[in-house]
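Next, two complexes with chain A in common: one pairs it with chain B, the other with chain C.
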Partner chain A sequence: MEKFILKYFNLIRTIIAILIGFVISISLILLVSKDSFAALGYLFLGPFGSISRMGNIIELATPIIFCGIAIAIPFQASQFNVGAEGTFFISAAFGTAFALIIQSLNLPRFIYVVVVLAFAGLMGALWGFIPGFLKAKYRANMVVLTLMLNYIAYFISIYLINYHFRDKSAGFLTSYRLPDSVFLKQIIPNTRIHIGFLIAIAAVFIAYYFLYHTTLGYEIRMVGFNFHFAKYSGIDVFKVIVLSSMIGGIFAGIGGMSEVMGIHRRFLWQSLPGYGWDGVVVAIIGRNNPILIMFAAFFLAYLRIGGQVLNLLSDVPYELVSVIEAIIILLITAEAFLENIKYRITVKEAEKEVFKNESPS
Partner chain B sequence: MATAISLKDIVKVYPNGVVANKKVSLDIEEKTIHAIVGENGAGKSTLMKIIFGIEEPQEGEIYVKGKKVNFKTPLDAIKQGIGMVHQHLMLAEDLTVVENLTLGIEPRKYKIFLDKKRANDLVKGYVEKYKIDVPLDKKVKELPIGVKQRVEILKALLRDVDILILDEPTAVLTPQETEVLFKSLKELKSQGKTIIFISHKLKEVKEIADKVTVMRDGKVIATDDAANLTEHDIARLMVGREVSFERLEEGKNIGNVVLKVENLNYINREKVQVLKNINFEVRAGEIVGIAGVEGNGQTELVEILTGLKEASNGTVYVFGKNIVNKSVREIREMGVAHIPEDRMKNGVADKAKIKENLISDRYYKKGFSKKGILNYPYIDSTSNELVKKFNILAPTIDAPVNALSGGNIQKVVVARELSSNPKVIIASQPVRGIDVGSEELVHNFIKDARDSGCAVLLVSADLDEILKLSTRILVIYNGEIVKTFNKVEGLKGEDLGPYMLGVKRGE
Partner chain C sequence: MNPLLKSIFSTTFLFSVLRVATPIIFPALGVAISSLSGSTNIALEGIMLVSAFAGVVVSAFTQSLLLALIAGIAAGVLIALILGYFSLKLRADIILAAIALNLFSSGITVFLLYIFAHDKGVSSSLKSLVFPTIKLGVLAKIPILGGILNNQNILVYIAFLSVIVYYIIVFHTPLGLKIRAVGQSPDAASSVGINVVRIKLYALILSGVFGALGGLYLSMGYVSWFGRDMTAGRGFIAIAASSIGSNMPLGTLLGSLLFGVVYALANFLAPINIPSEIIQVIPYIVTVLVLTVYSARTAKEKEIGEE
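Let's look at the complex of A and B:
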């Protein structure tokens, strides 16, 4: 039993954190809601209430998965950053502009989609190059760099769309509508789940393979583990930092564009949508492992949708849902949480092992 | 005689599951010098930390002068009259000796102003009483390490401790400095202090200790009067088998010059000239030892030779090609292997798997990967071979390096570096902080490499190691090679000491 606990300690800790989070949420709801029993049902079971709500989970998880990977790849090289938000946004804006510009070429459907997504990925890589290069060359702080670049990306994008690609016939600030031939088709009826979701799942496995099975992935991880060691071994740390930032950017860029091509079909954001921040959260929960990040993204999306259902159907305000979400994430990411118990079990096990064959001296 | 400290059944388990002390019981008599010896990882440092209140044991009892104690912090230990001089000295470098010594117990004027005169007098009193000489008004950073250590000892004495723990005090000292330290320790003993002395230099233990306790694998193996044990006995008890301290036989086939350093200079960012006109060469089949007190430019020299630092000027030839300011990978590709002085900083990624650590210099080469995709079956099989060949005690090659002991971590580094088919080996402190058993293994691997025609440059602060392995010895002091010994046979540590301290210069 003790051995089992030690082996799966991280998983068990995550589950306990989620349970405690749920208990706190339940108590909060009991406090504020007049019909708390129904409210609990909305929050926890609501997301599974219908096909369309389950669809909402997946739909919301899709951009979070992309951003989680985009954050995790530089994280693996120990480059803590928050750049996915801006990269996601600017790649979507430039991708939209690009799709509108090449519209007149009348490319065949498949090629059009691939070319536009590739362009957005390239845009993401270019945008990722900036902080990567500045960090590698001038040892600028990655968090500050990416935070500032998020603002720059935001305003450049808004300028581009509102001044050059604005659809004046629409009743609100938005770009022109993309042509039908560049849409990412919906794959399950009655939901907005689109091909972009399949791309996200593919991205998870590609990122996993990249990190753990390629030489560049190996270099990224070694730089992350110990950068002195990487340098001493002959790994080009400069290259690795720049490339990790660029490759992360590719995932954010494709994620941003697939959101435009699959859901909105126009660039209609006037503020940052926040998926990049969610990406940071799921990258931390998933410990930078793309497969765990995918599960973390589903979990986060489930919490969000539960919150929306709760907000819609009960008297519990959405703000409270955010509190609950934050508590759960906080517990999961607190590394020292339950560490004492682990220590105690370790001590017991180690003593058992050592004194097993000895009579007390 | 009365006991100063008595330990009963001490058990200490670290959070990672390592059991450092397995029911250790030990009595330290008052007014003796008690040496505790053992290989690294035997649990002696942990035991000292427990006595000094840095670590808390899970089980067991501690008695100080017959009274049961329960230390939570070092402050509790100091109150009971226990002081400790750590291996890594803990002094404020920018303060003067007097300021360091009176830190926290400063005499004051009107309760808020420092009373410098009284502080000076106070320190002077102690200096005279215990005959430990230190320059009172110098800043600590200007002092050589041996003097800094004396400051540490005085610092403990000023807090009126009567039990003094010294954790490997001689590891950083030259033979001459060690002599001075021993004189002070004997003086302290004659004035009634109890001294606990940790070491794994057996000669010193024999010289200074009244009692010796040998620890192995977290347990006390034996405690006896030093007079009853020979060096050989202690070594056997420590390792659990016979070990040889013989000098290695000389290499027979010394070949052409492989590594040649010419007029090498290095000036660091603070505009200090760290290396001055270094010239030497290393031939195939020989081991050239660089002896010197740490911090005399050895680190920088090694970093330049291996591409981690750029030289200010000068040339380094490997097989006649200049390697100065080439990248680490280019230099490695020319057959230069590097065993770094700080293995945890440079030698390994401690959270990465053992196999990932074993391929860090060759993952991109044929076999290990193809078109950028890692070939795990091949990586696994070669890693398993290396683990076997270099006798690395590890559960599996998928275990993280930090699950291994210090000696085995060093074997991982050595396995990687020596298996790259090197022509030149730059080995910096290759056996620092590892146990006698692993030390012997690593030395034998280096010797085998020498015999197969490698040129080896051995940089070490451990004179015994230098004398044991080297074909020729260079002494470095203050960034200069001050002396070359072309014949090592019959040379003793005392012959090198004066050069290492800069007292004497060679031709």
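Let's look at the complex of A and C:
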């Protein structure tokens, strides 16, 4: 039992954090709702209430998976950043502009889609280069840097779309509609789940393979694990920091464009959609491991959809979900949370080992 | 004279610069003092929100400005204390803990707004108070300056006063000396007997007080209600403003005023169809440049890598 706890300590800790988040939210519901039993049902079972709601979970998880990976790759090199938000946004804006410009070439569907996604990925890499380079070269604070770059990305994108690609016939601020041939088609009827979801799943495994089975991935993790050790063992730290930021950018860029091509079919955001922050959240919950990030994204999407159902059908507001999320993140990031339990078990185990080894002699 | 230029150099424009800069000056001082102690506090967004909310609710239920002020500051300091507890005691990364607290503040204020006011957008059904504006009387007749300062909210004055208070705390008190020592080299500070954790916590508390005043101004001066996520990124802009000023009092003030000018300008330009995005993006680019130049200068002898 003790060995089991030690082996899966991080997982158990995460689950306990989630349970505490749930207990607090249940107490809040009991406190404020007139029909708390029904409200609990909406929150926890509501997301599974219909095919379209289950579809909503997958739709919402798709951009979050991309952003989670985008944040996690530089995180692995311990380059803390919040840049996925801006990268996602500006790549989607420039990707949309690019798709509209090359529309007249009448490319075959498959090639058109691939070229546009590749362009968005490239845009993401370029945008990721800026903080990576400034951090590696000048040691600028990456969190603040990426925070500012998010705003810069936002203003540039809004300017590009509103002043150069704005569809004046639409009743709201939006770009022209993308041509049908560049849509990512929906794959499950009665939902808006689209091919972008499959790309996201592929991205998870590509990122996993990259981080754990390639030299660059190893170097990234080594820089994160022990900066000085990595440096003195001959890893080019400058290269690793810049590339980790750029590769993260590729995932955010493709994620942004896939959202436009699969769901909205035009660039219609007038404010930052917040998927980059969600990316930070799932990267924390998933401990920067792409596969765990995928599950964390499903979990987050499940919570959010539960919150929406709750909001719609009961007297408890949606924002309860933000409170749950916040408590879970706080407890997961608190390294010292449950640490003394781990310590006690480790000591006990060690004592047992010692006695076992001593007794025969 | 070009009507645009004329309106820019008018007293109404400068009046609105001060009005718009105030909710940036306060949190910028908050960011600056915690940065001096060596922690990047990105939770000002959340601190301002809970203070703005607490001020409105308490003033509505007690009709007392003093109690609203106390409640607002208490709420902001509470968030700062939670941040301190998690980052200093439970060793959570301060950035991640702050992200969580921003999320928490955004959620809990709307949640409670719904409970108290049965509205999820604004608190207009609550009869909350505002802080008074200052009428200068005869002094209002002073050319230009009178027009800029007359009828400003008392918290606008307090914002400028806070810059001086910040200066005094940082450069003329033992606490300020310790804060700077801890920020420059925690090990050296601890070797001369300074309790590093405690000093960092004090800096965070001060950060909470400054942020709280900014939040109170937003909901009880700038406007007279609480709205969901009404800080609208000012807590993050504050980080830019203090970075522009390298956490020094005058620099931080000027950084905040730069944002004030830009936002006031964007408002003035809105009706005449000049793309305000181009102007609004400028301070962020300035921030990136200043940040880079500043870190390049201080990084000479340090290693790249750990944050």
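Please note the rule applied: the second predicted complex is superposed on the first by the 355 of 361 C-alpha atoms of A that agree within 3 Å, B and C clash if a C-alpha of one lies under 4 Å from a C-alpha of the other, contacts with A are read in each partner's own complex, and residues count from 1 in each chain.
What we mean here is this: contacts are C-beta pairs under 8 Å (C-beta built on N, C-alpha and C of every residue); 3 or more make two chains touch, one makes a residue touch a chain.
The structure presented is a predicted model; accordingly, all values stated were derived computationally and were not measured.
S.K.: Sticking to the clash and touch definitions up top, decide whether chain B and chain C on chain A clash or fit.
M.R.: They fit side by side.
S.K.: Between chain B and chain C, whom does A:149 touch in the aligned arrangement: first, second, both, or neither?
M.R.: In the superposition, A:149 touches chain C alone.
S.K.: Which chain, chain B or chain C, ends up touching more residues of chain A in the combined arrangement?
M.R.: For chain A, the partner with the higher number of touched residues is C.
S.K.: Contact-wise, after the overlay, does A:159 reach chain B, chain C, both or neither (first, second, both, neither)?
M.R.: After superposition on chain A, A:159 lies in contact with chain C alone.
S.K.: Which angle, to the nearest 10 degrees, do you get at the Cα centre of chain A between the Cα centres of chain B and chain C?
M.R.: 80
S.K.: Determine, under the contact definition given at the top, whether A:350 touches first (chain B), second (chain C), both, or neither.
M.R.: first
S.K.: Looking at A:234 after the superposition, I want to know if it touches chain B, chain C, both of them or none. Which is it: first, second, both, neither?
M.R.: It touches chain B, and chain C stays clear.
S.K.: With the two complexes superposed on chain A, say which partner A:169 touches: chain B (first), chain C (second), both, or neither.
M.R.: neither
S.K.: Considering only C-alpha atoms, give the closest distance between chain B and chain C in the superposition, rounded to the nearest Å.
M.R.: 5
S.K.: Following superposition on chain A, which residues of chain A contact chain B and also contact chain C?
M.R.: Common interface on chain A, chain B vs chain C: 228, 231.
S.K.: In the complex formed with chain B, which residues of chain A make contact?
M.R.: Listed in rising order, the residues of chain A that touch chain B are 213-216, 218, 221-222, 225-226, 228-236, 339, 342-343, 346-347, 349-351, 353-355, 361.
S.K.: In the complex of these two chains, what residues of chain A are touching chain C?
M.R.: Interface residues on chain A, with respect to chain C: 28, 32, 78, 80, 82, 134-145, 147-149, 151-152, 155-156, 158-159, 162-163, 223, 227-228, 231, 237-238, 241, 277, 280-281, 284, 317, 319-323, 325-327, 329-330, 333-337.
S.K.: Of all residues in chain C, which touch chain A in the complex?
M.R.: Within the complex, chain C touches chain A at residues 40, 42, 86, 89-93, 95-97, 99-101, 103-104, 106-108, 110-111, 114-115, 120, 233, 236, 239-240, 243, 275, 277-278, 280-281, 284-285, 287-288, 291-293, 295-296, 298-299, 302-307.
S.K.: Which of the residues in chain B come into contact with chain A in the complex?
M.R.: Listed in rising order, the residues of chain B that touch chain A are 9, 11, 13, 15-19, 22-23, 25, 58, 218, 306, 308, 327-329, 331-332, 338, 340, 345-352, 356, 360-361, 363-364, 369, 372-374, 376.
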